[in-house]
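These notes open a run of structures that come right after.
There are two complexes below, and they share chain A, which is joined by chain B in the first and by chain C in the second.
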Partner chain A sequence: MSTVKESSPDPELAGTGAYTWTGKSRQWFLRHLPPEKLLPEDQPSYVASWAYVFGMGAVAGLIFIIGSGVVLSLNGPQWYHVSSLGHFTNSVHLWSVELFFMFMVVHLWIKFWMAAWRGGRLLTWITGMLAFLVSIVTAFTGYLLQTNFDSQWIAFEAKDALNAVGIGAWFNVANLGQIFMWHIMLLPLAVGAVVALHVVLVRAHGVVPPLDAAATDAQLRDSTAGAQDPEAKPS
Partner chain B sequence: MHELLAQAPLPVTPGTYFGWGPVMIQSGNLVVILTMLALFILALILPFPGGRSRK
Partner chain C sequence: MTKVPSTMSWRTGDNIASRPWRGRVRDYDLFKELTIGVVVVGLLVLGLSAIFSSPDDPGVTLKSWAAAAPADFVATATAELGGSSGTAGYGPPYNSTPDASQHLGFFNPQELSGVRLAIDTANDFVINPLKTQSTQLPAVAVWTAATADQQAKWAANYSAALAAAPDGDPAQVAKGSYGPVPELAGALLGMARSGNLDGVLQNSGQPYNLNYTPTILFLGDGSYFPSLAAAAHLTGDQWGVMNETGNTPGQSWLWLFSLFYQIEPFKSSPNADILVVSTMLVLSLLLTLLPFIPGLRSLPRKIPIHRLIWKDYYGQR
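After this line comes the complex of A and B, so read on.
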């Protein structure tokens, strides 16, 4: 096995140590996701509006969903179906989902009428849409886990639909154990990953400016001309 | 076991439904939709606290 380091013909890589996949990955991440974009200290003036609150409201709802869901899964159905604290935690889980969806839908409406896919933000829009769809499936499996007459009704109405589209044997809503695993393992991972990617993309491209935003605003000036922000505070 | 079952929540009740011609909606769903519409409108018209003093 050779340990000889080959020099790169690319002048951009000279002296950076980016000859390996780890080095190249580091270069890629620093170029596309610089720390000052991922954790900015300032935002353009138009962000001081209620229209820019609901996305983070949905993320806050998701944090409560995951937190209460972890407590529910640590204690199990015998606890959350019969004890007072279990009922309370179950209700926190349900109402966090209600708020998560309400904030997400208002966020969707506002960003739709702002044409938020402008300025190279198409993938941000697509990941947001995917987050909505995966969240619907996750909430659906949650309703199946109520283990009451309501969930039984929902399951067997859905069974017909899922059988009709050919996935009923693979995603079997009549199999409580399988749906339990989808709800507490696979789908939360999917929602978490898609939402994380969505937030990273929002950071990478910046929040979308309003349709009538002044072309002199800091974020627009920075992204279009690449010039220094004259209003930036001296470090 | 019977004690445990007695502590379990009451069976789900059908709830209240509203209907206008072919349209029918359960009260809980109607409340959620009206709340979302109210949040949307308020987000557009309400001033943001501290908004004027920012950059």
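After this line comes the complex of A and C, so read on.
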């Protein structure tokens, strides 16, 4: 077997790197996002605050939005008017959206006060903001899809803002078919993609250290509960 | 170990925010945290849904409008015929009414977007629906044979007479030169009362139609539909952008967008919509690009809320 390897050297084993697009892509991903970064089992000692729960809360909210949205999609936009299960599913959809936005806004403010864009985390900040803005448009189209008095009135009122900036001619809020497709396909894909990219960037760059942190946290007292120092070496 | 103040720049450099962390680590279980998050948020969502449910006020139909406010319906149909309704004078994208569009100085995106959703209110909302009736109304032929000036005069006269009549009641209108307008508006009211107009206006001659633009615009041109919205605190001057029917929270994340409509110079400007939307776009862009903006990006250091966020970390120094 070893003779086969010798006669046809593996470019990776030989240290020359991959030579196909696929191989190069794999190497790029493994370099920027190794499995231990993507699915970590430890975090820096400073990642210990109630402030960190809101990002995860928003992700959990999004899971319930998608789940309830899928059930509503199975039965169409008018099902919830006539079914008690449908109405409850609609309520779950609404309240998971309310919580999603609440968590996301608190998360955004906390990341601002942390100056979380520091140290090459610019794209993490920008994708977070994009997730917020695209979610606003997605929620808006959801309100237009209620097929009740509220959606009729929102369509009538909101057209003015969109027409004034020239968007209304192409994005017609009173066209239920168009808004339906935006709400259940185009915008969820956009939110999903931006949120996924945001989460991957958080993992790739790691959590930003405190503003006044020292190069290591050797200045901390030893009382740090549950802390380990696997890299106990002079910096 | 001396404290090294972190730079506020987004750039990667030789500093603590850019390097992989070399200090202590703590145990962290990503999947466990996600599971706990999903369970807690799930309980919250199910609890809120069970307690507060969700609002679902039935929509307004042309039939319910005609039954509840027939005088308003007739006045609106007359305005659609005479070209004096909100939709008739709206400008792009529905029609090309001169000087109707909003603009920021010379920048007029509404005009640039063109008439892509063309609506001729007299024909689309009144005459064409009446033509679908099995018995053709002679008044339709009289209307279509008249000149545009004559049509406008008849409709304006009848609009003025309706406004002067007690409660706008068409039955109490004084005699005058209205041509076929009272008959056309009355016939349309009859169609609406029977429920036919909802179908005719909505389907536009097609078996399938998901576009509700004509119905929504016609409803909005009257006073009945907006009065229902005002009673539910949904109009723009009532922070309606972020309100929902009943006591359920609406799109509360639009609070700033809604706020601008309550204050000057936006509130009374004829270009309020384009001003508010442009302001929101600029503010959103500023927040998105905040890491590039010196001064703004240094606020977190000047107002040390981060000391609260990382209280445990700083407390252990």
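Here, the second predicted complex is superposed on the first by the 196 of 235 C-alpha atoms of A that agree within 3 Å, B and C clash if a C-alpha of one lies under 4 Å from a C-alpha of the other, contacts with A are read in each partner's own complex, and residues count from 1 in each chain.
The rule we apply is simple: contacts are C-beta pairs under 8 Å (C-beta built on N, C-alpha and C of every residue); 3 or more make two chains touch, one makes a residue touch a chain.
Values in this document were obtained by computation on a predicted structure and should not be read as measured data.
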{"item": "Which of chain B and chain C A:106 touches, first, second, both or neither", "value": "first"}
{"item": "Which of chain B and chain C A:81 touches, first, second, both or neither", "value": "both"}
{"item": "First, second, both or neither for A:51, with chain B first and chain C second", "value": "both"}
{"item": "Touching partner for A:148 - first (chain B), second (chain C), both, neither", "value": "both"}
{"item": "Contact breadth on chain A, by residue count: chain C or chain B", "value": "C"}
{"item": "Chain B versus chain C as contact partner of A:164, first or second or both or neither", "value": "second"}
{"item": "Shared chain A surface residues [contacts with chain B and with chain C]", "value": "42, 45, 48-49, 51, 53, 81, 87, 98, 105, 110, 148-150, 218, 231"}
{"item": "Complex interface listing, chain A residues touching chain C", "value": "39-49, 51, 53, 56-57, 59-61, 63-64, 80-81, 87-88, 90-96, 98-99, 101, 105, 110, 112-115, 117-122, 125-126, 129-130, 133, 136, 139-140, 143, 146-153, 155-157, 160-161, 163-170, 172, 174-178, 180, 206, 208-221, 223-224, 226-231, 235"}
{"item": "Interface residues, chain B side, partner chain A - complex", "value": "4, 7-9, 11-12, 32, 35-36, 39-40, 42-44, 46, 48, 50-51, 54-55"}
{"item": "In the complex with chain B, residue positions of chain A that touch it", "value": "42, 45, 48-51, 53-54, 81-82, 87, 98, 102-103, 105-106, 109-110, 148-150, 218, 231"}
{"item": "Chain C - residues contacting chain A, complex", "value": "1-13, 15-31, 33-34, 37-38, 40-42, 44-46, 48-50, 52-60, 90, 92-93, 101-102, 109-110, 112-114, 116-117, 210-213, 216-217, 219-220, 225, 228-229, 232, 234-236, 240-241, 244-245, 248-254, 271, 273-274, 276-278, 284, 287-291, 297, 299-301, 303-306, 309-314, 316-317"}
